[in-house]
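Read the structure below first, then the notes.
In order of appearance the chains are A, B, C, D and E, and numbering begins at 1 in each one.
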Amino acid sequence: MLRISNASVFFEGRQRKEIHALDRVSLDISEGDFVVALGASGCGKSTLLNAIAGFLPLTEGSITLNGRPVGGPGADRGVVFQKDTLLPWSTVIDNVALGLKFAGVSRKERHEKAAELLGLVGLADFARSFPHELSGGMRQRVGIARALATEPDILLMDEPFGALDSLTREQMQELLISVWHRTGKRIFFITHSIEEALFLGTKVIVMSPRPGRVVARYDLDFVRRFIETQDVRSIHLSPEFANLREEIRDILHSDHHLAGAAA
Amino acid sequence: MLRISNASVFFEGRQRKEIHALDRVSLDISEGDFVVALGASGCGKSTLLNAIAGFLPLTEGSITLNGRPVGGPGADRGVVFQKDTLLPWSTVIDNVALGLKFAGVSRKERHEKAAELLGLVGLADFARSFPHELSGGMRQRVGIARALATEPDILLMDEPFGALDSLTREQMQELLISVWHRTGKRIFFITHSIEEALFLGTKVIVMSPRPGRVVARYDLDFVRRFIETQDVRSIHLSPEFANLREEIRDILHSDHHLAGAAA
Amino acid sequence: ADKKVVVGYQTDALPSSVAIANGEFATATGYDIDFRKFNSGADVFAAIASGDVQVGYVGSSPFAAATSRGLAVKAFYLASISGIDEALVVRNGSGINSLNDLKGKKLAAAPVSTDHYQLLQLIKSLGLTEKTVQVLAIPQPEIVAAFNRGDIDGGFVWDPALTELKKTGKVLITSKEVAEKGAPTFSAWVVSDKFAKDNSAFLTQFSSVINKYYASFTRDKTAWSAESDNAKALAKLLGGTAEQQAAALNNLNLLTPEAQASAAWLGGGEKSGAAQILKETSQFLKEQGKISEVLPSYAAFVTPDALKATQ
Amino acid sequence: MTVLELNTTAEKGTVASAKKTVRPIGFGLEGRSTTAISIATAIALIALWWLATELKLVPRLFLPSPAEVLRQFVTIFNDGYAGASLGEHVGASLFRIGLAAALAVLTGIPLGLLMGLNRWAKGVLDTPIEFYWPLPPLSYLPLMIIWLGIGETSKISLLFLAMFAPICLSAQAGVRSVSVERANAAKSLGAKPWQLFIHIVLPSALPEILTGVRIAIGVGWGTLVAAELIASTRGIGFLIMSAAQFLATDVVFVGIAIISLCAFGFSFTLRLLEKILVPWKGKS
Amino acid sequence: MTVLELNTTAEKGTVASAKKTVRPIGFGLEGRSTTAISIATAIALIALWWLATELKLVPRLFLPSPAEVLRQFVTIFNDGYAGASLGEHVGASLFRIGLAAALAVLTGIPLGLLMGLNRWAKGVLDTPIEFYWPLPPLSYLPLMIIWLGIGETSKISLLFLAMFAPICLSAQAGVRSVSVERANAAKSLGAKPWQLFIHIVLPSALPEILTGVRIAIGVGWGTLVAAELIASTRGIGFLIMSAAQFLATDVVFVGIAIISLCAFGFSFTLRLLEKILVPWKGKS
């Protein structure tokens, strides 16, 4: 189990003012959880993810994975970044196979696995292209394939579908659900789409900025319902879904005029 | 008037295969137009925008602005990029004021203007921060403020709101509409959200990939209706809106299984 | 002093160098003299060719090389001729006890020095070639280092390297002896033809000053001992210690002004000693492939005029 | 599916101010000082030197003891050496290096950037630079004397030539690390070519340029002795060579120590400059 | 609001294959060749040289004509110079430079990267490198001889020392341009430290390292004469020095031409290597 207790983060801002990016956030991610974090721009979602990934120390609080404190980044937590972090000197397939290379998998095997994942994200044709030859959305999909390749215990995904069109996005959502369902992986997922959060998450946390804190938590089962029925539309059109969407919308809107504008 | 006639673009792909990114696209953007391009990931939206911006030569066809062919980038066409292109060595306010600096505006004046725009995008507090101290969505908003600062004739925006949460996104949409309405600027806007396209565009083009071509065009007036009524919800819930959404959805879905997967 | 002249000198210990230190050259000639220190005769000639230097102190080997290439200069004063201030020192334990043991050994001398010339001449006179005796052209500090380390068997050097090598080696032959075997050398003050034409009075006064110090040196040994002010002045100007300077002076082989001005050295045109040495040196350098031409006569590069005028 | 908690009260109430702030875990050194380790190493090296001389591993003539060098330093400091005071020697060398470095920076950076941007500049300047730069200064020293005389001009030119190429080459390489997107963004904001040059290309290339300048200054010091072989009357290189002629190794060591000290000063300034000018490196 | 056209038929039907492809408009040179301009410049420079000698602007002694240099080259090529054939001279120098460069690359890159990553490596190695690197080789030649003799070891060591520092410094600087995000991504993919080193740090720093190597090779050639002052019997530096001392300017020019040619070869190889190894520069 991944346990975040009372995590606070202060950044050093300009002119000696601190930026309070995360305020006493507590969260457990257990076996089979699909946790989605939702919130306005700048509310600390990426900060929380970075802390879990081990890229950022906490000012206060602790993060433990199966009882042991998280010291730094590791292959047990796969990360899909908000920013493009593909290696410009490697082809797409080598980028996807990078983690497997680190794990010592043979070239043939890792390329097979990578090719399969590229097929899943719809980029089979671009295996030998370089990242700068891809569109923004395609690069994002390569990043997803790369994180899936090493089959980490926990997937940390920072707005992975932000640059995707609705169709591709739906397909990627379904792909992710099937991976999650098949392998029982834990997933921590950041999005700014309320629909996406509701559709994917078994747990949804809603965050508000300055300081970044959790203002609401939900336990949901739309995703399980989807796995049974495979019917997206009926879920999206169900009244529970619509009600929750409006509720969260109100929480987010009630908070601030424009995220970051208030002091 | 900006006139794109029969624009085709081939990229050199791996193993001597060309990638047909844009296939005979024709499009006019006249005074007061708000043109939105919609389409799957990799369908050539950014390619089209890059060609208009002057970053990319055409293989065939022509692009003229007020009768003169587009030779290269220029201050007459402001660009908001899909990728983060802020200068890491400048503060947020200096990044926003960059175009004004190029135009020879005095330091005081350009900082005033930049501060005002930062207020509009909700980042007044972060004027003296450096880009790497901002969240992904905040950086995107700085990019928007930067493009608005020089008041170009045409704004070219590549998925500008992709990294924004729904609230911020709505606020930014309204901001953009008010700028467009107030100044009568022409806007070419790329998005992967059908709702956003319908809500914002006076003209919407729907593109399909491999080769990238325009498969449908719409003339809309939801945005003008919004300017009159200021009522977002009623527009979104109107049956015309819902019908069009489903129609475009069908066009997009009918096309391909996964964009880029087909050869 | 409205007339200016730049004089290039080297670090050799000469009695007249004291006059550089105390400014007597300037006061005696009435010229504004800028003395510049050079590390080799080749550099002096390069500077003369650039026109920045008008008068310079050089050895006969670079002199021969430069004149053979057509540089218009004249020797007007012979500062010294081959003496015991330069010698071939061989390392104890190198197995060299006489000139007959040189075969197969490694010897060194400073590049384009008169020592290098004499070492090569010596080897030739012994019937050896550079194939059988390896001759390295390396600067003196490096010779001392290589000698101490045992990498070379001997070095043809002058002070202070000479003193240093003698600590762990012995003198095999001196420069004077090599000269007597038919390879004489000299060092001289030279002047560019252009400057000489309009400044003969300067050269005369310059020569007079040298004469004065040379006379003092031959007359009054105590005034030039290690404790003397003169030796200290030399050490301050040139570097090293007063002891080193005094020792070096004692090994010089100086000519009297009269001898220099005579037909035997500067006054005999083509037949004068200096011109002969230049020609022989040039011929030898050509054999060595170092220069490509030997002039028919070197008479144009020596003049006794300044010295004659002092008498 | 139920709302678990809407803990707006429970979690509000900000943590007391003036908190310890954190930074993303950096990469490599990121700010951690190495001064202490460096000083310890320096002390260890001097101790080793002292030991080597104490045990007489190397003849004194070639490796004088630290004490001797210090003594010699005091003597030279008080009495000067070879006709000039220590201050004059150091001053002369610093003046030459400083002026040559300034000239090399002022010409090398713009020319290098231009060569990175412009086909004609590259084509025309490439040949002479690629030609002269690998030439050993000692090999064209006589030519410099002949062409430029024995004054300061030839010395400073020699140093300038030695320093120009590394700066120019790194500026050229720096241009290649300007990202196309960033340049495009600037052009769309109406940047004229010279503005692109100053506001985008120069800062992007700055990290590489600064490395080039550091290397160039090292090369400059390394060329100092060669430059001051030209009929000098003062300068540290001149001091070293004069002393070497007389096998005064202790004086040579004094010269070496002074060069090290000066070079260290330059290097320190440059590191500082790097910290101030390119704090964003690795964060873009 | 009406559907204007649903031109699925009108616009379908692909354009004939084998089309001219385009590339994003690059920045600066981006592939455009400058060879022709460079060659033209070279010819112009030689013509200028010829003119200068023809008009006797400079005494023959100091600027021999192209014809003379060529003649001298043929002579040396046929008969050798100073006791060795031209091939032996060139071979000896190439061997020394090549070996020293290989050693400098093999040690300088890993040590430089390590110094960029590790506090201890940086602290310990910084002092000796900052200390020795600006020292003029001429000032420590005697020390090299005492310690390493007059054989190849000391010459190669001298060249190695001259080349090591630029490579090491640029590798260090290169580490600072590794983006933190990229390193983090690799760590999350399970990269062990040495894998991070090889797969992320090394390629990221490669552009800067290659610039450093180019500069280093230039510095190496520049030090050649100094190195071959150490009791050589062959080598181009030795050839140049022997000739310079006898004012044989034409031979000096032959030597200079040979060095230029060799250096040009090295430089060409490195540029090629850069094109092959870092084609992504400016595109990340």
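By our rule, a residue touches a chain if its C-beta (ideal position, glycine included) is under 8 Å from a C-beta of that chain, and two chains touch if they have at least 3 such contacts.
Fair warning: this is a prediction, and the values are worked out from it, not measured in the lab.
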Return the chains shared as contacts by subunit B and subunit E, ordered by label. A, D
Among the chains, which one keeps its Cα centre farthest from the Cα centre of subunit B? C
Note: subunit E sits from subunit C at a C-alpha centroid distance in Å of 42
For subunit A paired with subunit D, centre-to-centre distance based on mean C-alpha positions, whole Å: 45
Considering subunit D alone, which of its residues make contact with at least two other chains? 24, 59, 62, 141-142, 146-147, 179, 229, 241, 244, 283-284
Any chance you could list the residues of subunit C touching two or more other chains? 42, 46, 49, 141, 144-145, 148
For subunit B, residues that touch 2 or more chains besides their own: 11, 54-55, 72, 83
Every pair of chains that touch: which are they? A-B, A-D, A-E, B-D, B-E, C-D, C-E, D-E
Which part of subunit E faces subunit D closely enough to touch in the complex? 24, 26-29, 32, 34-38, 40-42, 45, 58-59, 62-63, 116-120, 122-124, 126-128, 130-131, 133-140, 142-143, 146-147, 162, 165-166, 169-170, 173, 175-180, 183, 207-208, 210-212, 214-215, 217-226, 229, 237, 240-241, 244, 247, 249, 252, 255-256, 259-260, 263-264, 267, 281-284
Quick one: in the complex, what on subunit B touches subunit A? 11, 13-15, 19, 38-42, 45-46, 82-84, 119, 121-126, 128-129, 133-138, 141, 158-159, 162-169, 171, 192-194, 249, 252-253, 257-261, 263
Subunit D residues touching subunit A in their complex are 1-8, 11-12, 14-15, 17-25
In the complex formed with subunit C, which residues of subunit D make contact? 59, 61-62, 81-83, 141-142, 145-151, 229-233, 238, 241-248, 251
The subunit C residues in contact with subunit D across the complex are 6, 8, 11, 35-39, 42-43, 46-47, 49-53, 140-141, 144-145, 148, 160-161, 164, 236-240, 244
